[in-house]
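Structures incoming, each one as structure tokens.
Two complexes come next, and they have one chain in common, chain A, joined by chain B in the first and chain C in the second.
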Partner chain A sequence: MIEVKNLYKIFNQNKKNEFTALENVSLFIPKEQIVLLKGVSGSGKSTLLSIISSLQKPTSGDVIVDGEHIAKLPDLHASKFRNEKIGYVFQDFNLINSLNVFHNVMTPLIVQNLSKDEIKAKVINALSLANIKHKKDEFVSNLSGGEKQRVAIARALVCDANILLFDEPTANLDKQNSLKFLSLLEDFKKLKKTVIIATHDSIFEQSNVIFETINMQDGKIV
Partner chain B sequence: MLNKSFYSFLFLMLFTHRSKHFSIFVISIILVFILSSVMFISTSLSKDIQYTLNSQPDFVVQKMKAGEVIDIDLSLIEKIEQIYGVKNVTSRVYGKYFFKPLKQSFTIVGVDFFEEQNSKNLKTLSKKLDMSKFLEKEYMIIGSGVKKLFDKFKYDKSYFFTTPLGESIEVEIYDVLDDTTSLLSNDMIILPKELAKIVLGLDEFKASDIALNVPNELERANAKVEIILKDDNLRVISKDDMKSYYLNLFNYKTGLFLVLYIVVILTFLLILYQRYSMINSSDKKEIAILKAVGWSIKDILKLKVFENFLVAFFSFSIGIILSFIYIFVAKAPFLMQIFLGFSNLDFSYELTPYIPFGSIVTLFIFYVVPFLCVILIPVWKIATVDVIKSIK
Partner chain C sequence: MFNEVLLSNEVIIYLVSQTILLILQIFALFWVFDILKNWDFNSTKPKQYILEKKSYLVMLIIFFALIVKIALIPYFAYVIDNLSNIVPGAMCAAGVISANDYGVKLLALKVFIVFFNSIWIIVNSEDLKEKNYPYIKIKLYFFMFIFFLVLIEYILDILYFTNISLDEIVLCCSVIFGVQGENTLPLGLDTTKLLILFYLFYLLNIMANISKQALLSFVVNIIFLYVAYLSVVEFFGTYIYELPTHKCPFCMLQKEYYYIGYLLWSMLFLGVFYAISSFVLKFLIKKELAYTYKYSIIFNTIFVLICTLYVGVYYLKNGVFL
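Moving on, here comes the complex of A and B:
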């Protein structure tokens, strides 16, 4: 369950170039549901996702995830929360190019004090779920856009996080790969994940697993 | 977080960043190599000098005239022997002998082999010395630098000395002094005292100086004053004065190197800091990605500390090992000339390996700590910056 209450995010506050990215945003996302955040570029979708994942702190307001107030968490707790509860897939995937697929997916597990065998088992499982296991020894710089996205999804799934956040997941994919992504949503539904997808792509209208579409404009929910 | 998988990941990152670390690794090795070479050579020389000077007399008395050392009357020996606490008063004969073929000078030392102290010292210097055989005829014992020059000019068995009166005296070589003593004996020729006087043109009742011992340390200062009171023109040099003279000579050169090193290391740290401050976008992105997947700032700093500590540690260790090999195995070519340049002959001196662990630990701390600091400050700055900004 994700609850956002009266959220504000103002960049460069009290400066000439002050900019309000989010203005009085409140929303409720029930557990194990797939929700679409729709809006044009600059409407505040990505900022909202980064605050829900505790990558950024709001100017004011509150975010409650599974009963935990995460808006003002100090770095150590915020990173633990992110590591255990959130799987974030960026628009550009943000993989470490100098590492191979296996090592990229392994990165969130290094801070979890697990044994080598446990890490290996979890990584292989995540790679299988994302259907990219066959490329595990490949360097990510050699992969296609769709394959990179699968690696990023495997990385998001590897810690068994309940919440998956996708920022413009189809922006860098061709139509065929975008449709493949839609079919993945059904798998997430089966895995009982709470999923938020920030997008302006209309392809998601074809999906029948979307619980709700929230429209955003100029930092507000409309 | 310090589990096996962390270390595996650490080595993985170290391996993937190897090209980035390579230049720093090489520069670090060179810097540590230079400083530890200077440290090894100066410590070893200081130890050897102390060891060699320990066998020297407690005091040497010289006669001065117009600020120059002149020959001293042997009659003074009796007067000095009367001073309370003074023992083993002996006259010494030494001086420079000009070797015409190379236009260089040897140091001739005349020794009375019947004196107990001299005989003991010589036996320490020359292990082959058989006193009765040595005294059979006119022999000499030479330093390793002299031996080299004699060999070069085919004086492999004997040498013809020319006295100031123009006479020629042939003296056979009995033995060559060991390389380990050549810090002080490299250009030395040891002759029987009377023969040395003839070669150097010294009067029968004169000597170059007088050596003496004062076994009781508390009486040394008083003995020194008493000797000076015998004659205003006497100069009394203590063993400690000699030690300080040589040690100061090497410390002064070590100091020069140290100042140069400090300048170089500060420049290096500055470059390192600038380099990490201008960390490229892929490095920034890497740190931001680790943060995004749940690494805390502490975890990221730990990774970077270990990564750079390994670079610093291995470059430091390799630098130390290379300098040890350079100084004690390769006999410090070039650096030896700088430190022992006061000798008029080529040195074949063998430094005694000595590892100053205290200095190495101090050097390690003063090298690694600033090394890690200049890297960690910019990394910490990046790690605390907004992840979204860094990723973009």
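Moving on, here comes the complex of A and C:
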């Protein structure tokens, strides 16, 4: 369950270039549902995702994830929360080009103090879920956009996070790969994940697993 | 005013470091006032979020300053030891520290500050382990107290180094601690009784720490600190110097004695510190930290072992005691 209460995010506050990215945003996302956050570029979708994932602190307001006030968490605990509960797939994937697929997916597990065998089992499982296991030894620089996205999804799944956040997941994909992504959503539904997708792509209207579409404009929910 | 003391590289480095640390702590202090005045963890208003962000930076600055100040203590000992080359009559830090009225007071204050800094660092680490900053106000008030001591220390630093005369001969260890046969021990103690007390309080110390009796451990360690200091100066030190008349707490910091003084005194400080901190932390944050008892036993044991080994090795080499 994700609850956002009266959230504001103002960049460069009290400066000439002050910009309000989020203005009094309140929303409620039930557990195990897939929700679409829709809006044009600059409407505040990515900022909202980054605050829900505790990558950023709000200017004011509260974010409660599974009963925890995550906007109030000190940095150390915020990192732990992110590592354990959030799987984040960035618009440009943020993969490490100098590492192969296996090692990219492994990175969130480094801090978890697991044995080599446990790490291997988790990575292989995540790669299988994201249908990219066959490329595990490839360097990510050699992969296509769709494959890179699958690696990023595997990395998001590897810690068994219950909440998956996608920032413009189809922005860098062709139509065929975008449709493949839609079919992945059904898998997430089966895996009982809570999913938030920030997008302006109308392709998601074809999916029948979307629980709710939240529209955003100029930092507000409309 | 700018005599050779103030122009020595070691003193310049030391005073510049102290000045930088003081400036850092003054910056932190301004924010500390703001945090203490407006902190309300349950608030989700902009001011609280700003304070939470600021507190992270402030704690980092304070932590850095306090850690460096702890590291500066052995450096201070090294500085005054080095000054013995230019202060007439001084053969080691003992002569330099007693070169004016400020030296001993400054040294004592520094030991207290290191102790309080270390307590602050433990409270800070406990606070960071929690999600709701439970000890933030305690550690900030505690920092204000430390800052007050640091300010006095800084003034004493300046007064001390600017008042070391190079024209007057100072008294050094051989004169301070007398010649063989003269009993300088308090309370009518002789060396045998002192050694009995030394090992007795060490055993009491172990027992108090094993049974996790914070108050008992606190009292025993305060006494042990005093007894251990006297024992090293009066007895064990003579085995380090291999000279029965050489009774000095500072010469052992020198190269000739393999800098063993740094290890010896730091083990004693750490052993006593962890024992005292168990009690202080229980009082300050109402929390018992099991590792403090364990570390106290470890460091005090290393200290006692080093002391005892010097005597044992001397006996094995020479077949007699001093």
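By our rule, the second predicted complex is superposed on the first by the 222 of 222 C-alpha atoms of A that agree within 3 Å, B and C clash if a C-alpha of one lies under 4 Å from a C-alpha of the other, contacts with A are read in each partner's own complex, and residues count from 1 in each chain.
Definition applied: contacts are C-beta pairs under 8 Å (C-beta built on N, C-alpha and C of every residue); 3 or more make two chains touch, one makes a residue touch a chain.
Treat the numbers as computed from the prediction; the structure is a model and nothing was measured.
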Superposition on chain A - do chain B and chain C clash or fit: fit
Which of chain B and chain C A:Asp75 touches, first, second, both or neither: both
Geometry of the superposed three-chain model: angle at chain A (Cα centres of chain B and chain C, steps of 10 degrees): 40
Chain B versus chain C as contact partner of A:Glu3, first or second or both or neither: neither
First, second, both or neither for A:Asp66, with chain B first and chain C second: neither
Contacts of A:Glu138 with chain B and chain C, given as first, second, both or neither: neither
First (chain B), second (chain C), both or neither touched by A:Leu99: first
First (chain B), second (chain C), both or neither touched by A:Glu23: neither
If touched residues of chain A are counted for chain B and for chain C, the larger one: B
Partner chain(s) touched by A:Pro58 [first = chain B, second = chain C, both, neither]: second
Superposed arrangement (fit on chain A Cα atoms) - minimum chain B/chain C Cα distance in Å: 9
Contact residues common to both interfaces of chain A (with chain B and with chain C): 75-76
Chain C contact footprint on chain A (complex, rising order): 5-6, 8, 13, 57-62, 71-77
Contact set on chain A toward chain B in their complex: 46, 50, 53, 55-56, 75-76, 79-80, 82-84, 86, 88, 90, 92, 94-99, 103, 106-111, 113-116, 119, 155, 159
Residues of chain C touching chain A in the complex: 41, 44-46, 49, 52-53, 56, 128, 131-133
Residues of chain B touching chain A in the complex: 1, 3-6, 8-9, 12, 16-17, 282, 285-286, 288-299, 386-388, 391
